[in-house]
Amino acid sequence: MIIFQNVSKYYDFHTVLRNINISIQKGEMAFLTGPSGAGKSTLLKLMYMAEIPDEGNILIEDLDIGSMKMSQIPLLRRNIGVVFQDFKLIRNLNIFDNVALALRIRGVAEKETKALTSEALKKVNLRHLADSYPKSLSGGEQQRISIARAIVAEPLVLLADEPTGNLDPGTALDIIRLFRDLNSQGTTIMIATHNRELFRGTGKRVLKLDGGSLVGEELG
Amino acid sequence: MSYSFKVAFKSLYREKWINLLSIFTVGSSLLIITLTVFFLYNLELITGHLPERFSMMIYLKDNLAQEEVQNVLSTLRKRPDVAKLKYISKDEALKELKETLHDTNYILEGLDDNPLAASFEMRLKKDFVNAASAAKIAGEIKKMPGIDSVYYGEKIAEAINLLKRSVENISLIIFLTIALGVVFVTYSTVKILFYRRKEEIEILKLLGATGGFIRAPFLIEGGAIGLMGGVLGTIGAFAFYIAVTYRLSIVIPILKTLVFPPGLLIALPLTGIILGIIGSAIAIGRLRL
Amino acid sequence: MSYSFKVAFKSLYREKWINLLSIFTVGSSLLIITLTVFFLYNLELITGHLPERFSMMIYLKDNLAQEEVQNVLSTLRKRPDVAKLKYISKDEALKELKETLHDTNYILEGLDDNPLAASFEMRLKKDFVNAASAAKIAGEIKKMPGIDSVYYGEKIAEAINLLKRSVENISLIIFLTIALGVVFVTYSTVKILFYRRKEEIEILKLLGATGGFIRAPFLIEGGAIGLMGGVLGTIGAFAFYIAVTYRLSIVIPILKTLVFPPGLLIALPLTGIILGIIGSAIAIGRLRL
Amino acid sequence: MIIFQNVSKYYDFHTVLRNINISIQKGEMAFLTGPSGAGKSTLLKLMYMAEIPDEGNILIEDLDIGSMKMSQIPLLRRNIGVVFQDFKLIRNLNIFDNVALALRIRGVAEKETKALTSEALKKVNLRHLADSYPKSLSGGEQQRISIARAIVAEPLVLLADEPTGNLDPGTALDIIRLFRDLNSQGTTIMIATHNRELFRGTGKRVLKLDGGSLVGEELG
């Protein structure tokens, strides 16, 4: 469950998000779209507390973000899987360790970590790259590793920021199928994207953002 | 935890050249500190026997009555610049001379009469211990009745004493600066480790890692570098000890102070670990999540 | 070029805390080196007058004939352990004693006869200057005809001498280690600058920047840090000089050596710049395009 | 002019490009497409010598890359503008300086640098962000800055790697229009992309790469 109540976010004199109200049910899958600079990434960042709202309340799975202590942030983040727009892979760790990190942070036993990591790499079709380092991967491969890391720990909420920007249409559809599987198992999912192919015909809600305001909503 | 160790040791290996450099830096810093302490300790032992205070000898005229001596004493006692007065009788003076002459004191055996004068050994208050006021005071005292001569040739002693103190001060300054230097070196060494992984730390935070999880590999890596630096420092100190004792051999009594303190074998590596961990902790700083 | 300066100074400002730390580190390292040189120089001056060699006094029996003295001399000359022999006659011995007694030498005026013995002052060859062989040699000589006693109490002189040498050695080691330390500190300081901009360098290469274009801001930044460190070191050295001369005042002749070398005002900042630029150059390394 | 003659590239035991033959005329504009990991980025990297071919020859505007000295690499790169897949903006420089860098590297006078930089920022519609730093820009804004930097020095050759992966369709079309303008002024252009909208209807050549081999060519 994700709820935004009158949320605004400013940078200096520049309003990035203006009076946002959103309500996403537990187990729902929704899309977020809008032109470059509309505020999509910022909106996602507010959910995992990489940014703090200047006004309004945000509730994530019953947690009130406004009244949360700093020490609780890691716990919140461990319940959210994020596919970052710029991947954020760790250079010095190989692909396996990059993905496994999400489990190790959560204190999962090493044996289970191995099994779950292999499975996640298989889901994005990159198990053969387990021993490679991020630098030697293509853009699309890096993006899929970022996706594998986001889903490996089976988080309650999955946030994906432009998860197919570096993927060919075929691979992109594989990924969206993967997300729908996860969603059918109960994961709440929010995907920010420019790629209309992703939500076309899904029947899911598509929130439209422009210049920091929600300007409409449609079904994909 | 085992994961933190794995990451730390992987990183130690991956950047082995920089780490070797860091280990060497920490090791030599610890060695310098050890040598400085060692040096200061021995300097204290050597110079500890040098005269501590400035004194002035006031020789009395021969055959002064008890009363007259008493007069001189009370006049001197009233002076604001006098810290301490000690009367040395003719007999005591002769005894002292005999001790000074040592093996050759038989040359005094032919003397019928004690040719030496009674004297006061006078210590000045700290504020007056300098050439100008000593000269002035000596001049004033010499004019008093019953005084034969005043001797304040201990300028040399004063010089040695002041020099000793200034050497100690220089050493202390060097020591403090080096100690500060070690902290800086450890700090900047770990800061390198840190910059190498700044991005990694940011990502770890976003993935929900706790402060402890993020810090652990750094603290382990810093501690390991410190440990190895400490071991290197110990080896250096031991090598230095061997070299010094070999050269000085068993002749010199002061060598008793040159026993290699076995505590160093534990103290240096331990100091290394602690410095490494502290340096790491400072370099990481407060992790804002 | 003006662009390189702009980038360098922006970076200096942006990371001012780390840079202040670096400046401080370089400054104190240079200060330590200066103080060590200063200290070694003065130590040499102070200890330069301590006895240089081991000597043994051989006292002859009284009233020995010229011939017998000659005999002793030639026997001693034949010994393989003797480096130098000096005959001191009865008269010379008395003269020396008078000088030693100084102001109080009138005590000798009552003596009719010279009670002192003639002697040889003997210097041993280097290899034999140690307690064991000195004792053995003294024992052998004592058994010779015409010898009254042998005195080799200069153990103390030997100790001081060896101690002086070991102090010099310790100082030299400290100096070398610190010098090495300064190079490391400069290196790691600039390595931090470098890691901070590793990504930037990669990008610059891909955009077609030449080696010079990439290096310039780093060299400028390193040089500027070195310069400021050098200035700081100079200020420190000057402050130290003021403090020392103030405390020691004009009493002590050795103070003549404590004149502040005006060359330092230029040498330290210059050394700082050079070290900074060299450190930067090493830290950047070979740029593989 | 870009010519590949029997070019192959291996990593360890892994063939990334196999026997590639390409001939792009001076002033031509071509597209490169293919699934994730096909080798598109690697092919572009060979042109600006971020990678060295293991076999074959490459000619860029009459320069034979195989026989080039290391010291000539900067010169080659200054004749090529590159839009990197991961943007490669410099964190510590503001947007203006990031773009101006391409001119400063070329030794352009400061006054001209200012004018040309402003113009390039205007072309990607981001002149208002001149004083911002890369970190504070949205993904799409960063991508457009990378484009501005690639074109600001009016290079002979422009290589763009997935230049619209983070852009909404409208902005993407603006960018492709910009590239076509440059092309009509004589710049040789090669664009690697998954986005079929970019080349649909342009009438330009589209090279298809798959698993390291050229598998076909069509007109967009």
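Chains: A, B, C and D, in written order; residue numbering restarts at 1 for each.
We adopt the following convention: a contact is a pair of C-beta atoms (placed from the backbone, for glycine too) under 8 Å apart; a residue touches a chain by one contact, two chains touch by 3 or more.
Quick caveat: nothing in here was measured; it's all calculated off a predicted structure.
Chemist: Identify the chains in contact with chain A as well as chain C, in label order.
Modeler: Correct list: B, D.
Chemist: Keeping to the contact definition above, tell me which chains border both chain B and chain C.
Modeler: Touching chain B and chain C alike: no chains returned.
Chemist: Suppose chain centres are the mean of their C-alpha atoms. Which chain sits farthest from chain B?
Modeler: Measuring from the centre of chain B, the most distant chain centre belongs to D.
Chemist: How many angstrom between the C-alpha centroids of chain D and chain A?
Modeler: 29
Chemist: How many angstrom lie between the centres of chain B and chain D, each centre taken as the mean Cα position?
Modeler: A distance of 67 Å separates the two centres.
Chemist: With chain centres taken as the means of their Cα atoms, state the distance from chain A to chain B in Å.
Modeler: Distance between chain centres, rounded to whole Å: 62 Å.
Chemist: Tell me, which residues of chain B touch at least two other chains?
Modeler: Not one residue of chain B touches more than one other chain, so the list is empty.
Chemist: In graph terms, nodes being chains and edges touches, is this line, ring, star, complete or other?
Modeler: Shape = ring; chains linked end to end, path closes on itself.
Chemist: Sort out which chains touch which and give me every pair.
Modeler: A-B, A-D, B-C, C-D
Chemist: Provide the residue numbers of chain C that touch chain B in the complex, in ascending order.
Modeler: Within the complex, chain C contacts chain B at residues 18, 21-22, 24-25, 28-29, 31-32, 35-36, 38-39, 43, 46, 97, 103-104, 106-113, 115-116, 130-131, 151, 155, 158-159, 162-163, 165-167, 169-171, 173-174, 177-178, 180-181, 184-185, 187-189, 191-192, 195-196, 240, 244, 247-254.
Chemist: Quick one: which bits of chain C touch chain D in the complex? Just the residue numbers, please.
Modeler: Touch list, chain C to chain D: 2-3, 7, 10-11, 14, 197, 199-200, 202-210, 213, 289.
Chemist: Give the list of chain D residues in touch with chain C in this complex.
Modeler: For this pair, the touching residues of chain D are 48, 50, 70, 73-80, 82, 84, 88-93, 101-102, 104-106, 110, 149.
Chemist: Give every residue of chain D touching chain A within the complex, in rising order.
Modeler: On the chain D side, the touching residues are 11, 33-37, 40-42, 85-86, 136, 138-141, 143-144, 161-162, 165-172, 194, 196.
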